[in-house]
Structure formats: C-alpha cells, structure tokens
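Working notes for the structure below.
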C-alpha cells in the first residue's frame, strides 16, 4: 500500500501560439505523498507554474494539456467510477484528467487548492476579502448539501443574479454561515481582527496579510493537496519567512500535502521533503531534498546549487547560469538535451534526447549503468498507477552524467551552439523568445 | 514620432488581423473614390434628366404604377398607368427623383464626407490639443478653468449643439476649384468642390473636448518626468517644452482617437445633412433625406447612400481598432458621436 | 472622504457646470445674427411697437440685467414664454420630456439587456461563430447612421411587411398603464408597437458600443489572475463570469455610458425626427428653426442639466460598485 | 400651470384617451389596424360619457400643427385649419369661393369707406354667451389696431385698409371703416377676421388665449396637447345644424410618407399634401382615395430687382426661358399642378388669359444672359423643404436647368421654412435672399391680394419695384367699377409677365388622401372644414 496522494505521469502541456507550438511542460512525472511538501524548483520560464496549473486543470487557452495522467487517490471517487469509467480508475486512484468535466471542477477546493504568487492580482479587487473566502466555503457547503450525482455544478448564476446581488445583499450567493467560517479561517491564518478585516477590500490589505488571506481561502475547502505557486515571491523577505512558517504549520496541522513551486532554493531547502528540478519543461532531476541538494547530478542542478554553501541558509536565490533562457518553442527546441547549449559539461552524447536515469545512492556520478530499468515507466503511460523506482532509490536525473563520467574528449567545442556557428540554428532575438512565457509563468 | 517599434507593432497587428486589412482596403478605396471622383463618376452628379427619373439599379427593372392627373370637367381625376421601368446600363445604381445618376452622387458624396471628417477632425485636434496641453502642462487654475469649460461642452450633445450652431449661425460654404477638372481631365464635371465651411467649424467645435481630455492626461503624466524638469531647469521656454517633449508623447493616443473621431464626424455630418443643416450640395445624408419620400416606390435612393456611409465608417473603425490594438494608447472607450 | 461627501462635492461641481450651461445658452442668443424682435413683431410693426415688444420681453435692458433676470426666473422654474405661441416654455418642454425619456430609457434598457450577454458570450466563446456574429453586429452597429437604420427598418418592417407603425407615438407609457389599471392590456401592446422601431433605431448604436466594451473588458478581465484563482477555488463558471469578471468589466462600462449620454440624447433628436416622435428632439429642432429663444434655451438647459445629473448619478454608482475609487 | 397640466393628465386624460381610442378602434374596424380593443371586444367601450357606439370621429393630419390657438396671432394655413373648426368670421365662402354670410347675416356699403355688417342673432359662443356686435367690432379692431386686445396682430394687412370697426348705435350692426375706397373689403372679410368674445379675451392671459378656444364655430375644444394634437367635440348649440362629425382630432406629420402610412393604416381620415409617388399606395389600398383640386397657391421663384444679376430684365427673362416648365410639371409634379405665366391664377379677378407660358428656349436664355451682361453669374436659390408639394425637387430642377446654360452657375440652398419666412417678412427687402422659392396662397380669388403685397414697391413682402406696375395696381385699387378694375389688373399681370420679376412656376394642386368612410370634397382655398364631412 503506497502512501502517495498524487501520481503525475507523463504530463505534457503545450501552448499553441501564433509564433508556434510552445512545449511548456514536457513529459513530467512525479509523486506527491500524503502529508509531505514536494518542491518544484526552476528558473522562470522553466514550466513550473504551468505544471501547477496543469495539476489543477486551469491551463488557459491557447494552452492545452496534451498528454499524461494525474492520478489522485480518492477511494470514494474510485468506487464511483470503477464501473462507468474503468480506464480512469486504478485501485484507489482516479485519473483526474479522465473524469467528467463537472467532477473535475468539483475537486477544486476539497482535493486541490491553490495559493498563487501575487495575492493582490489573485483576489478580485471589487469584492471584500471575507466574501471571496466565504465563496470558497460556500461552494463546498453547497457541494456537501447535494450528492454529486444529482447536482449541477454550474449552479445557475447569471446577469439577473448579479443585479439582484448588487441591489439586495441578502440575496447574495454566500450564506451567513459561510461568512462566519471565512472569519474563522482568517483567524486561523493569523489575521488580527478577522471580523473587521473580512469586510475590507484587497487594496486595503498589506501584501503579507493578503497572502495569508489567500491561504485562508485555499484552506476553505480543506484540500488534500495544496498547490502553492511561488507563494512568497511577491513579498518582502521578512514576510516571506512568516508565510512559509504559516504554511508549514498549517500543513502539519491539517495533514495535507503541499506542492511548493518556487524558483527560490532557500524555500525548497527550508520547506520541502522531496524536490524536482525543472528546466525547459522537464524535470531534469528529482529526489529527496538530501539527494538533490547533496548529490546533484545534473549540471543544471549543480549550477543552481553552486552558490549555496549551506542548506540551512535560506537567503540565496537561484544563481544565474550563463547562457540564454531556453526557448520552449517546439520548432527551436531541437532533438537533444535542452540544457546542452548552456552546459559546461556538454558532450556528444547530449545531442540526442536524454532519458531519465536513476542515480545510485551515494554515487553522484554513479556506477555505469547501475539502474537502467524503470527508466521509462513514466513515459509508458497506461499503467501510471504502478509504482516507480522499485529499487527504493528516488534520486533520478535526466542527464548522461547519471550513468557515466564526464569525458572531456567527447566534449562539444566552445561556441557549438552559437547562432553564427555551424551548429543548430537558434534565434538570437531575446524579445521573441520571451513571448511564449506569457502564460507559462509569473 | 514614428519609432521602428511602432512600425513593427503596426505590421505585426496587421499581419494577425484580417479585419485590419479589410479596414485599410475600405479606407483606401473610399479615399481613392473621393480623390478621383471626377474621373470615376460616369455622370455629372448634379446633372438632371427629368425624363429618366427614378430608374432602378441594374437588376431591379420592374413594372411600376405611374400616377398623373387629368382635368375632367373642371375636377381633377387621378390616373394610374402601369409602366415597365428598365434599369439602364449608364446608371448602374439607378437615378434619383430628378434623374440624377446615383452612382455619381455617391462617388461625389464620399468627398464631402471625407473632407468634413478630415478637416473637422484636424481642426478639433488643433483646438483640443492646444487646450489640453495647456491645461495639463500648467495645471492649477488654468487646468481647472479649462476642464470646467470642457465639462460644460460635454453637457451639450454634439448633434444638438451642432444643429443649434448651424441653425442659428446659418450654413456657409466655400468653393474651391477641383484640381482634376481644372487640369482639364474631366471638363464635364463640376468645376468646384463645395466645402461646407460652417459644418466643418461646428463639428470641430463640438468635438475638440475629447482631444483636450486625452492631451491633458498625457501632459499631466509627462509634466513631472525628469527630462521635462531638466529642460525647464535649463531655461527652455514653456512653448518649446510643450512642443518638444509633451506633444510627441501625446501623439499616439491622439492619432487613435482622431481615427475614431473621423468616423464619428462623418456620421455627424450625415445626420446634419439629413436634417437639412449642411452647406454641401452633395452629401450622403442629404440624399437619404430626399430618398426618404420615395421609400415606397424607389427604395434605392435612400438605401444606397446609407450603405456607402456604413462601408466608409466600418473601414475607418476597423483602422481605428487596428491602431488601438497595435499602439495600445491606453484610452478607454470611444469618443462621443 | 465619505461617499456622501464625495457625492455632495460632485453635485456642487455639477451646479457649477449647469451654471456654465445656462450662461452659454444665454449668450448664444447674443452671438446669433438677427434680432429676435424681427421674429415676433408683425410685418409692418412701427419702431415704437418694436420697442414696446422689446420692453415687454425685457430685451431693451442691459445684457447683464437680462442675464440676472433670466437666472432669477430660471431658479423659480420660469423659462419664459414661447415667442411663437405665447405658451409657457417650461410647460411645453416638460410636456415633451416624457416621450424622450421613455424612448431613451427603453433604448438603454434594451441595449443593456442585449449587449451585456452578447459581449459576455462573445468574450467567452472567442473565435466561435457566436463571437464572429457579435463582433460583426457590433462593428456594423457603431458604423451605421441611426437615421438611416430607422429608415431601413421602416422600409422593411413597416412598408414591406406592415409589422409596425411607421411613426408617431400613439400614447405614453403612463397612459398605457392607465389602461392596464382598467384591465385593458392592449394599451401596452399599442405602446410597445409604436416604440419598437424608434427604440431599435436609437438603441442599436449603444447595443453595439456596449457589446464592444463588454467584450474587450471581459477578455481583459478573464485573462487576469484573480479569475484563475477564482476558478481554482472551485466556483461554478457562471459565478466566475458574472459575479467576478463581469462585475469588474461593468465598472468602466458604466463610466463610458455616462459620457455617452450626450450621444444618446443626440441620437434621440434625430430618431425623433425620423419617426415624428413628439419629444424634446423635435421640439428643439423646431424651436431653433423658429428662433423661439425661450424654448431653445429651455430645451438646451434641460438637456444639459440632465446630462450633468445623470453623470453625477453615474459617478455615485461608480463609487458604489467600485471600492477602489478614491474620493477626491 | 405645470401643476394644472399634471392633474389634468391624471384622471381626465385616461378617460378621454379611452374615448379617443374607442374612436380609433372604430376606424380600425375597417382598416384592420392595431388600435386598442377593450377587453370586452366590442371596440367601443370607454369611460367617456359622450362616447357611445355611434360616435363619428374624424382625424385630420396636416404637415404641421398650429402655432398657438389665438386666431388673430398667426399667419399660416396650418393654424388656420386648426382654428376654422371653432372660430368663424363675419362672412364666409362656399366651396366655389363665392362669398356667403356667416356671423353677419347681411352687409351693406354705407359709403365709400364704410361697410356695415348686420350681426346674426342667436349665435352662442362655446362659453355659452351670446354673440354681440361689440364682440365683432372688438375682433376686427384687435386685428387692425395694435392697442386693442393686447396683441399686435400679424394679420393686419389681411384686412388691408381697415382702420376701425364701430358698433352702430341702436342696431345689431357694426361699421367697418377703411382709409379710402376698399373694393376688396368684402372679399377680405370672407377670408379673414375671426370673431372672438371680447370679455373672454380681456379676462385671459396671452398664454391662455393661445391654449384655449372660445369661438362660435361648430366644434368646441376638448383637449389641446401642444405640438401633438387638438381635439374638438361637436358644439351642440351651434347656430346652424350641429355637425355630423362628433369629434375631430387634428394632428400633424411632417413627412408625406408618414401621413400616407397613417391614412392607409386607418389612423387618420384626411391627410394633406400627398405627393404623386404616394398616390398609388392610397389607391391600391382600396379603403382610401385621393382627392385633388387646384389650389389658390402659386409657387414661384422671386428675384430681387435691387441686386445683380436680377436687376437686369434680360437676365430675369432668361431665367424663365431657361427652364422647361412643362416638363417640370409633368415629371416632377406628375401633372399635379398647372404651369403659370403670370402672378395671378386662372379663375381669379384680374387674371389675364392672353399671356403665354414662357417656352423652354435655352438658346434664347443663353443669349439674354449674354445681353444682360451678367454672363458667368453665380446664383443661389433658397428654398424651403417640405413646405410645398415637391418644393425641394422643383428648386433642384430649376437649378438643374439653369446650370445647363453655359453662362450661369446655380446652386440650391435648403432652408428651414421658419427661418426663410422670417427673412421674407421683416418688411425690408434687404433682409430677403436674392433668389428664393416660395408659395403664395390667395384665398380671396382676387389678383390684388397677390399683386399688392408681393410685387408693388410698397408691398410688405415685395421683391420688385416697377412704376408702370405700381400705377396700374394703384388705379385698380381706387376703381369702383368692377370691369374697369379687372382690365387694370389684367394689364398689371401682363406687365409682370413681360418684366419677369419671378420665374413663374406652377399653381399647386391640393392633393389629399381621404379615407373611404367619410364623405368630403376638397376646396380650392385649402381649407378643411370638418363641418362639411359626413359619414359615407
């Protein structure tokens, strides 16, 4: 019996823009265990935020999840759909992506909840904070009041309701009971005078307070998995620490799992149990905090960690790595390791696509071919419910160095990837390259 | 003024929007028609032929009831006869109640619409931008005063104000020689372009406020910029600061607004002409008013000039959308009609 | 500043603007060529008679005295007597006002009722047929001269198919309600039949305009982070769209509508001319033509004042629905 | 005042509206219109006491409504038609234009300057009071004397020459005194001079007189909604037989097509000024008919003699040769008009049967323009729009023909009628446009009422000055012998034809649409009397 709450397999999300197809998330697989904090770290534009959105099924057009499964453990749901949708059920797990639209939406709140990066822009500026939290409570309250089979998730709310609501506050969507609960939640996240503050609008809150309110809103549905997408990026350093502490406390108290998405290694170091490092839409290295931080295999991870002398020091952020932020445009990505052009240890081997290798414990640049099995069970699809890494090691990397030593003989010459050189052509227009990220991050 | 970045944005937006292309095509077409009216018009637009009145457009030949009266024993008898009325190749869009060629009138009507639209907007821009920049640059009492004046102006609907001004002041028109006819290319065409002077002045007077507001907003935001302060510290005169620093910053939103205003003014001119308040002798609105009486017998007289207005204004609005999307001047909403 | 004080301040500004309107309207008579006496006095009036008429109307006094007299009378609600018919200008204007208000209100209500859902559908089904239809309609709507639209509606719906009357106003809404009170619903039906074409004619531009504003506003709002966050907390899509995105969309739309009230009244003038609708618009055109100054001034003042009042109301509404407003 | 209006609207308005709606419903009965049906479905129910199933209600739709209800304070046919239902003069005309007695039973020429009117007995005003000679004298004085009745009446010249009216002691008669021989006085009194009640006028403010009615005529005012409609009901105590019509509503629609639509849909019974292109719709509808009659109105283009190029006789004649009047009458007016050759219409006293219509001769016109020395002139024709049958089209056609001359350039200036009329009636020739289209209705059937005001040097509306013409008219005005007077007027008309102060255009026909449910014959003098209407 596994203790995972979430298994993500082969998730791919693409954006179909006028400039071309953008592979924001490419074949990403990871597990989240009950009650743990799983960190996803990467530069901006690496696809980590899109990964978060893909989990909660909120990728906006022109983006689309093109492949993969999100297995979520919920015995009730599994029982409910075992007959009607056998392909969506595997043991106690259901593949969220194969569930009907209405059910998928009903999972937002009680199953997955989200804290976004910028609390100011993530709350509706023209409704009180209390009302917005109460809405999140109310939607769950109504869901409990009606068995899923009979209710329509799109409880009608139209223009007429808007008008009536605006004129008669008593006819509001939100019940009094939910409003009271919202105040409780505000109290729980440490907001003083919660009853008064509930009546205020977002612009009357400070950033830190607002992020607490966002967290309160995320807690409203008592979620199994809280996706925190850069929850502290927009905040002052001192406030960051408070928010992280709050998150940690809440996570422990509620026993929920957290997917912590950040570009801040300090946050990862401080919060997470296990971690995945993303680069150009892929998880290039994953494992326990200790695996990844103490024995990084991928040169990218090593680069990130290069400046961090001490795991306990939360301050330093990602060290910029020389070279261009990778283009995620399908047409420009090429058929090779995406990091090769920036990699100080790029070799000829890197000119093909690199599979994920398991890294042997304690042997960072490990024994040759120590574990080649299971490499691909993520990409295999179908049996996504199956366990990964049956040898017990979780440390994996998408890098040839996981199975072979760096060989300067085979190194690619300097400037191999420069636009002027004979290497694969790449656009040198940085403005253009940034564009696909509009939806992909921040 | 036009930075390479602006040009790039314009091109990109144009490439992505089919509607922008349609808009430009329409505007270019209307411009060409207006400029080349003497060459394109098959007939003199004012030339009547009472014997060929109310000919239908091609494809709409029909039997109509012709009414006349006869005096019988001192009292008048109304007589109706059926008559086959055939469309004529030489009048593809038919003729009006005096047998004037609809196509030629519509072609010449484009001139009036565009002249009023362009000249009226230009004048409105000059007034509005002067007032707006002055108000925004100097701020304080000047700003308060000028903005209250603009509030008062806004309180009068532009059509009502225009009717009042033209009705009370009378409509004067200017005649300027048509260069194409003067060059001897089409000697049979009207030698003069009739410029409805009062209408142009009045549409500018009722529309400058929108430009004043935009220009003021831009001036306000630029006023506190470091480089303006620096210029002032260096002793540059207010006029030169306004012209060199403040004005260029306002150009983009004003250009976008001006495009929308041209469309609004064309609609305003046609409304005025419809109500009989235009000094022009050839105007789409005027033809619609005349055709209104003949709706039950000759639908084309009122319908076709209206279609011309719609096409021209759609074109300009599409160009306006294109400019707005490409340049993103950050102005809300549409200028008033 | 509290909402109450904010409104008070706007009202004071409004009074100032109305005073400006009155002054402009008053001065208009003096910049207009032609002596108003000429339009009042009989053909063969002797100079003495002309002077007497001028004296009766107070036209012989110095300009500033006339101005203050006029202001004083206006404050008492007296707009003078029509030069042409000798009847009270205010009575005449207020007798006409209901027809115009009725037309404007119906057109606005219909425009709002149609355009906002249209704009929402257009924004939420972007690049679908519904969106193309809505954008085409709104583009055509803002580009069509309304008097021509009215004529075309008459041509097709009245002349060809005889569905609606071509013009006039058979009875007012209040009268129709009176019939209803007597148990006769036909009054309302007749009323509706007469107002349909004028209301469509006047309302189309606004329907199109609000559709465009709503669509672009909704697209803007739907792209914002809070919408995603709202979805993330599991709210039904209808709630996300209407309660959240639309509410924020409407805030700027309301402001634009207030500013567009001028074009609504301008549109009403020409719509009334097309449909012989007995409202303020036809009155203002007739009185301008007849140089009936008390009526011209009265009409312009009523129009200007209603513009100012409605905009204060819009500002108040704006402040009410938009908590971010800084009252200054 | 405003409060009165409000309270009046409240209850009475409902009641009266139901009454009028019931009337409309009976109209709808034949036209299949969309009027209000009462729930009971009988179509005649209503709260108004006077309304019953047999009510005969008639609606008359003009191009515009009254300019106030004071019968002495207007000069327009439209107002006149509104008021002639309720006010009467001392004399009247029959449908052929012959003078007939009205409030004066008889008249008698006492001496050269005095006409005695014998006032009818037993006539009641709508107020219920008896008509007295004082009322008659007061009414005439109110028109001719600026100090009587609180009004400087614009109708003063319609009673030209009259200086005062006095009550004859001991008799039920009034003496009307003129400042000299006044051969047309009877004719004038038959057309103008409505009688009002002295005490009623003196007890009222100007605005009350303009919104209330108290005449002796066959209809009394029920409701007056300014600019919207005037509703009269039958006056039962009328001195002749009460009218066949129970209720008359007068309203207005400026657009001819609108009026026709209203007629065709059964919303109205008589519409004025039906343009030829709308005739077919009325006839085809089957439930209405077109009635046409030559009117007393002449349409012409005046050319001011005091400004170039119109100061040149040759130029003015050229303008007459330039236009193809016959074609204009045929094509623009669809023959609903007669071409004219002189200021006076056929059938009028003083009409000259020997003058010919100017032929269409562009070559002669071009030659005359050259001769005049004004070749290359630019002229602008001012025209009202929608005032007369096809006025704008006529103006455009005239200008179109003139433009075909290689040596003159002409344009049309559309004017609002009110503004144009204002310029024409200032009494000063300098205020008038140089060249304008206008129509003149002369209901007296006498040339003098056209020639004097429009063409003599001293005429209030004149655009011309010619000694020979002035002399002829002056002589005719002092001539008591009818034949001699007629000869003088004919000569004057010949002079006018030759000197061409106008472009002579057309005699307008009055073209009416009338619903099939009424019996009614149009009159040449453009009046529409509901009293002469009966059900079919």
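Labels for the chains are A, B, C and D, by order of writing; each one numbers its residues from 1.
Just so we're on the same page, a contact is a pair of C-beta atoms (placed from the backbone, for glycine too) under 8 Å apart; a residue touches a chain by one contact, two chains touch by 3 or more.
Remember, it's a predicted structure, so these values are computed and weren't measured experimentally.
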{"item": "Comparison of B-D and B-C (more C-beta pairs in contact)", "value": "B-C"}
{"item": "Chain ID, smallest distance between chain and overall C-alpha centroids", "value": "C"}
{"item": "Where chain B and chain C are represented by their mean Cα positions, the distance between them in whole Å", "value": "23"}
{"item": "Distance between chain centroids, defined by C-alpha means - chain B, chain D (Å)", "value": "40"}
{"item": "Interchain centroid distance [CA atoms averaged], chain A/chain C, Å", "value": "53"}
{"item": "Whole-Å separation of chain centres (CA-atom averages), chain A against chain D", "value": "88"}
{"item": "Shared-contact residues (touching 2 or more other chains) in chain B", "value": "167, 292, 295-296"}
{"item": "Contacts with 2+ other chains: residues of chain C", "value": "159, 289, 291"}
{"item": "Chain D: positions in contact with at least two other chains", "value": "255, 257, 416, 419"}
{"item": "Parts of chain B lying in touch with chain C, wherever the complex brings them together", "value": "148-149, 151-152, 154-160, 163-164, 167-170, 263, 267, 270-271, 274-275, 285, 288, 292, 295-296, 299, 302-303, 306, 309-310, 313-314, 317-318, 332-334, 336-337"}
{"item": "Residue ranges of chain C in contact with chain D within the complex", "value": "34, 38-39, 41-45, 49, 53, 77, 81-82, 84-88, 90-92, 94-96, 158-159, 162, 165-168, 170-171, 174-175, 178-179, 182-187, 189-190, 193, 276, 278, 282-283, 286, 289-291"}
{"item": "Chain B partner contacts - residues on chain D that touch it in the complex", "value": "255-257, 260, 275-281, 283-284, 290, 292-294, 324, 327-328, 330-332, 334-336, 385, 392-393, 396-397, 400-401, 403, 411-414, 416, 419, 509"}
{"item": "In the complex with chain C, residue positions of chain A that touch it", "value": "53, 56, 58, 60-61, 105-110, 112-114, 116, 118, 121-128, 132, 135-136, 139-140, 143, 153-159, 161-162, 165-166, 173, 201, 203, 214, 217-218, 220-221"}
{"item": "Residue ranges of chain C in contact with chain A within the complex", "value": "116-117, 120, 126, 223-226, 228-239, 242-244, 246-248, 251, 321-324"}
